[in-house]
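Structures are listed in the sections that come next.
Two complexes, one shared chain (chain A), two partners (chain B, chain C).
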Partner chain A sequence: MVLEIIVMVKQVPDSQEVVIDPVTMNLNRSLTRNVTNRADENALEAALRLKDSVGANVTVVSMGPPQAETTMIECLARGADRAILASDRFFGGADTYPTGLTLAATISKIGKFDIIIAGEETSDSSTGHVGPGVAEFLDIDQVTYTSKVEYKDGYVIAERELEDGTEVVKVPTPVLVTVLLNSNVPRRQTLRRKIDAIRKGFEVWDHDRIGLQPEWVGVRGSPTIVRRMRPIKERERAAKKIELSAVGDLVKELYEKNVLKLEVDS
Partner chain B sequence: MSEFDAIVVGAGPAGSSSAIKMASGGLNVLLVERGDPPGSKNVSGGILWGKDLSSIIPDWEKSAPLERYVERKVTSFLTHDSEIAIDFKTKKFQQDKTGYSVLRTRLDGYLARKAQQAGAMLVTGVTVDSLAMKDGKVVGVINEGETITSDVVILAEGPNPRVAISAGLREKPNDKTVAVGVKQVYKLPENVINDRFNLRGNAGFAGEYVISFLPNNVFAGGFLYTNKDTISVGVVINLETLRKDGKTHSFDIMEQFVQHPYIAPFLEGGQLQEYSAHFVYEGGYESLPKPYGNGYMMVGDTAGFSFSNGMILQGMNYAISSGILAGESAIEAKKDNDFSEVSLSRYWKKLEVSPAILDKKNFRGINSVVWSGLVHRTIPALLETSLQNMLYETGAPKKHLSQILLKSMSSTGVSSKDMMIQGYRLMRRM
Partner chain C sequence: MAGIKPATPASKPEEYKNVFVYLETRDDRLLRPALEMIGVGKKIAEKVNEKLYCILLGGNIRDQAKEAVSYGCDVVLGAESPALATYRTLPYSHIIADFVKEEKPNIFLIPATRNGRDLASRIAVRCEAGVTADCTEIDVEQDTRILLANRPTYGESMLAEILCKRHRPQMATARPGIFPVPEKVKSAKGEIRIREISPDKAILKKEILEYRKKNVVDLTAAKVVVSGGMGLGKPDGFKLIQELADELGGVVGASRPAVDMGWISRDHQVGQTGQTVRPRLYVAVGISGKIQHIMGMKNSETILSINTDPNAEIFKYSDYVIVDDLYKAVPALIQEVRKYKSEKQVAPTEPS
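Coming up: the complex of A and B.
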């Protein structure tokens, strides 16, 4: 039986172009272009590598507004077999709780799955909640912050990057795995694949299709409310130019100011 | 059997216009753009003379992302510390709006979406590597070694058309056919822009400048256009004189322009939002490439369709009109099911009686006048000295205009005979 892999992706404002409106303190989304969250591209690549090595059916799911279309097409062009966008005006304004719920319900509707792969977090809010949230809603195991994902005989073998080393985890499917940003290099989309992806098209599911009540999702289903945002003042930093020949003096100065500490191996 | 009737390379105004035309005419069209979204790789001053759009988008004046309509048009000489300008404003432009300032990131996206709505397939973020050829005929495009076939390919790559050049359909840009454009966009509140430029409502300012104060005989022109809540400002630098000088950098010229005492106050307090540079096509009638052949047509800047005569600097209108004409030709060729060179020569016949070619033809040789010492050094210096003498009260007895002019000529080193000959040439060419 072919392995069923679900990849969760999100379209986000390009983090290199994010502009905060100085008056409202909100993200000015009109100025920024939208891209697929980079870590989610790594998640899709991890899924496609499993597809290449052991064979799999890869379905991409996302929750977002209609303009997430470009992300759906992009994922299909990279090699996903199917793409489903959960999109409904009732989903708007969701925090991470109803987002996880919506995605979990969408995945349940798809049917049988073996592995769910998501990026570690999205660059627009950086909570890292949604992946683990989906695992909890679906009541399955989860492995977070992985750099490598393999599959063998009903088990996922994943490497987790920890502060002091790498942990190798073996866990039976079904399981949810989150993938670190830059843990692989996503494959390119060619013109041929893009044309085929546009022709194939993606599905749009609303709350009814997924089987969710409007009051469970979106802003009404969200327990948190952002009351206020404020910018962080950039700290003034002292700088001075030193000649290469004066590096010794700098080291001495930093040592005396207790910035540098001297440690001698015994 | 080809996969598409037509493939358009590049979703700028030329490419998207031809795609709209062809898709509306029932052709199966693929529009490929390397930028994502369309417009992100493009730079232009940003005044759209869009009358031609009416035939493919009847409601464009309502639906397109237009910033302001041009009501005040300034043509100006900037010397080191003076400005001598013709400042033409007319409420007539309010009735009959012809020019609009636009931001290309928005306009190009809008046009590409219109092409999609007309039925074209739009693919962004992918670069066409080369043309697919068979028996001396263009039969499609190649990306990453894979061929996508079509009956005809429309090349709308802009002023540095890599694909057209590598296929030998066009010459590489050189110092005579392109100038370098540098552009900045500054954000300012709408009411501040209205106050600074003496504008009301949606009226806009379009200024074009001769920058005559650059060292070492480097020639450059400047432009400044108002958008809703931004200002587009930039320079177009003549490459021949820039290269000859070899010391001046294009970004230094840009800096000197925006810091000019009569430019800087317009921009004061503005937040820099964009900084870009691009080729500007400037070739004359003589350097136009043959814009069609077996299985292909070239449109917009790729075919050399742009125009400047010192007073005006236009490109998007020719891009749109040539795109539409190429689209029309493709539809006709499809009816005959003949995309040979002979069949596509109908495109050239349409061009020949359109402004894209006629303007070039009628203003043949204009470049040698626009980029001349007369326009860039002599006239500004002469005007500055004369006006200074004429308009300021010095306490000395007043002189006649002719006396002032003659004296200014001698102090700026111009003989009256030279001036007459050159002045006559200038008037004739313009």
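Coming up: the complex of A and C.
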């Protein structure tokens, strides 16, 4: 028996070059390059390592616009066996609820699964809510923020990193796991595999194929709305340049301005 | 409950009343973000003349319930069982969702900690509610009792105000370290309602095999934080950072990649996925100033950064900059601080 692993991957705007339209205060998508969410690359790598060690079928699932194609091909070229892009104009503008709903519905349409792997969060919405949402829709357990994932005899054994320690958990499959950014080094795509990936191609599923009503998904299915956006004004800072020879003066200034204090305080 | 179905709006939103906050614990102790939730929850509840309910689960929670009351909680809704001694997604989310269904709160706030996020999204789906993640400003509209959940977006450059008009409860997770811990209330009186619960075995299959607790450095309370980044180039660099921090009576922070490299433990991490600090002095050593790091330190009173790159992004957020090799600049700083102190004739300060 091989494991059935689903990996949830999102294409996001490259966070290094986000361009905001000054009039609408929205993201200018035409000027922004898209990349695969980095934590999701770690999620895929975690899946591929399980495939290498215990044998698995790895299916990548994404919800997004048609240009997410590049991400789908990239995942296949890294070693995924199948890729499904849930794409439909009705899916646009979704908050975390219908995003989780759409992904959960897509996953249950695929059929039986043992492990679902997601990233810890996306760089564009950074909620970390979609993974657990999918787990709730599918009524399965979850292990979030993992740095290490192993599988043995029907159980996932994983390490979760919390603010003040590491939790080692053992949980029976089926289970959803979210993987920390940088928790592994994703393998590269090879040219050979890339050619195969393009040849093999990926599937595009719309709401009908997944079995979702248009009003359940996207902006209409979202409980939350963005009422307005305003720029966050940061305090202007002087960035006063200090030469190495003047570090003594800086130290004196910091003490005199009470930024540093000689006595212990709390 | 679960199952793939859309979020149905509340048929009578006006029936939903009061503010819920989730009190996160570890080893049956309230965590600081729990106290922060009490502070912000209380303010909102008072503004609309409602009660603050604190949700508390654990193995032994009587003392924490009293502590919550002392910080201003009106009602503690608790569930106690040995099975609840450590947080686990399924029993916690099921029990809390039941509390929500019984009490019908208008608003529900949860800290945006790792376990808080693990939980919030499950409850939101279970209760068909809307949830806004990682808020840094939270308010309520007095007449409509609509929650105004504000969260930074687009790399912290914009603040989005997010509303959930038709679904109840209106949920939000709140970024730790942003909201102040409230003062204790004199002669506080609150009602404590704790239930003994024996959760269904079917939802207790996840086993916690081990918890390796780290020595937690609470960076959020420090007056001086000296942080090192990839510019250190090697794990040993943190010895120098520690030396400067000791000299300034401060604590050591780090950028995330320095933590990911294993140079220093995760509890030193500053930033979006680390701690949010607000010291009197923040020293950024060999840190480029990527937005995820900036988020965690930009509200420091004074910021000094040391970087060889004259165009480092961090400089935009700095009051003082030293454009030089940190392996020269940090020893120079240490030396000058020692010199200044010896001139003032004082004993070395202890870390605060």
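One rule holds in what follows: the second predicted complex is superposed on the first by the 237 of 266 C-alpha atoms of A that agree within 3 Å, B and C clash if a C-alpha of one lies under 4 Å from a C-alpha of the other, contacts with A are read in each partner's own complex, and residues count from 1 in each chain.
Everything that follows uses one rule, which is that contacts are C-beta pairs under 8 Å (C-beta built on N, C-alpha and C of every residue); 3 or more make two chains touch, one makes a residue touch a chain.
The structure presented is a predicted model; accordingly, all values stated were derived computationally and were not measured.
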item	value
Touching partner for A:Val54 - first (chain B), second (chain C), both, neither	neither
Per-residue touch tally on chain A - higher for chain B or for chain C	C
First (chain B), second (chain C), both or neither touched by A:Val2	neither
Chain B versus chain C as contact partner of A:Val219, first or second or both or neither	neither
Which of chain B and chain C A:Ile232 touches, first, second, both or neither	second
Touched partner set for A:Ala135, first chain B, second chain C, both or neither	second
Contacts of A:Asp95 with chain B and chain C, given as first, second, both or neither	second
Contacts of A:Arg192 with chain B and chain C, given as first, second, both or neither	first
Chain B - residues contacting chain A, complex	30, 32, 36-37, 40, 121, 123-126, 128, 141, 143-144, 146, 148, 273
For the chain A and chain C complex, residues of the former touching the latter	15, 18, 20, 25, 27, 95-98, 100-101, 104-105, 108, 120, 125-133, 135-139, 141-145, 157, 160-172, 181-182, 213, 215-217, 221-232, 234, 237-242, 244, 247-248, 250-252, 254-255, 257-266
Interfacial residue positions of chain A with respect to chain B in the complex	31, 33, 70, 74, 188-192, 194-195, 198
Chain C residues touching chain A - in the complex, by the definition given at the top	1-7, 9, 26, 89-90, 93, 113-115, 117-122, 124-126, 128-134, 149, 152-167, 205-214, 216, 221, 223-224, 248-249, 256-257, 260, 266-267, 272-273, 275, 280-281, 291, 298, 301-304, 315-324, 328-329, 332-333, 336-337, 339-341, 344, 346, 349-350, 352
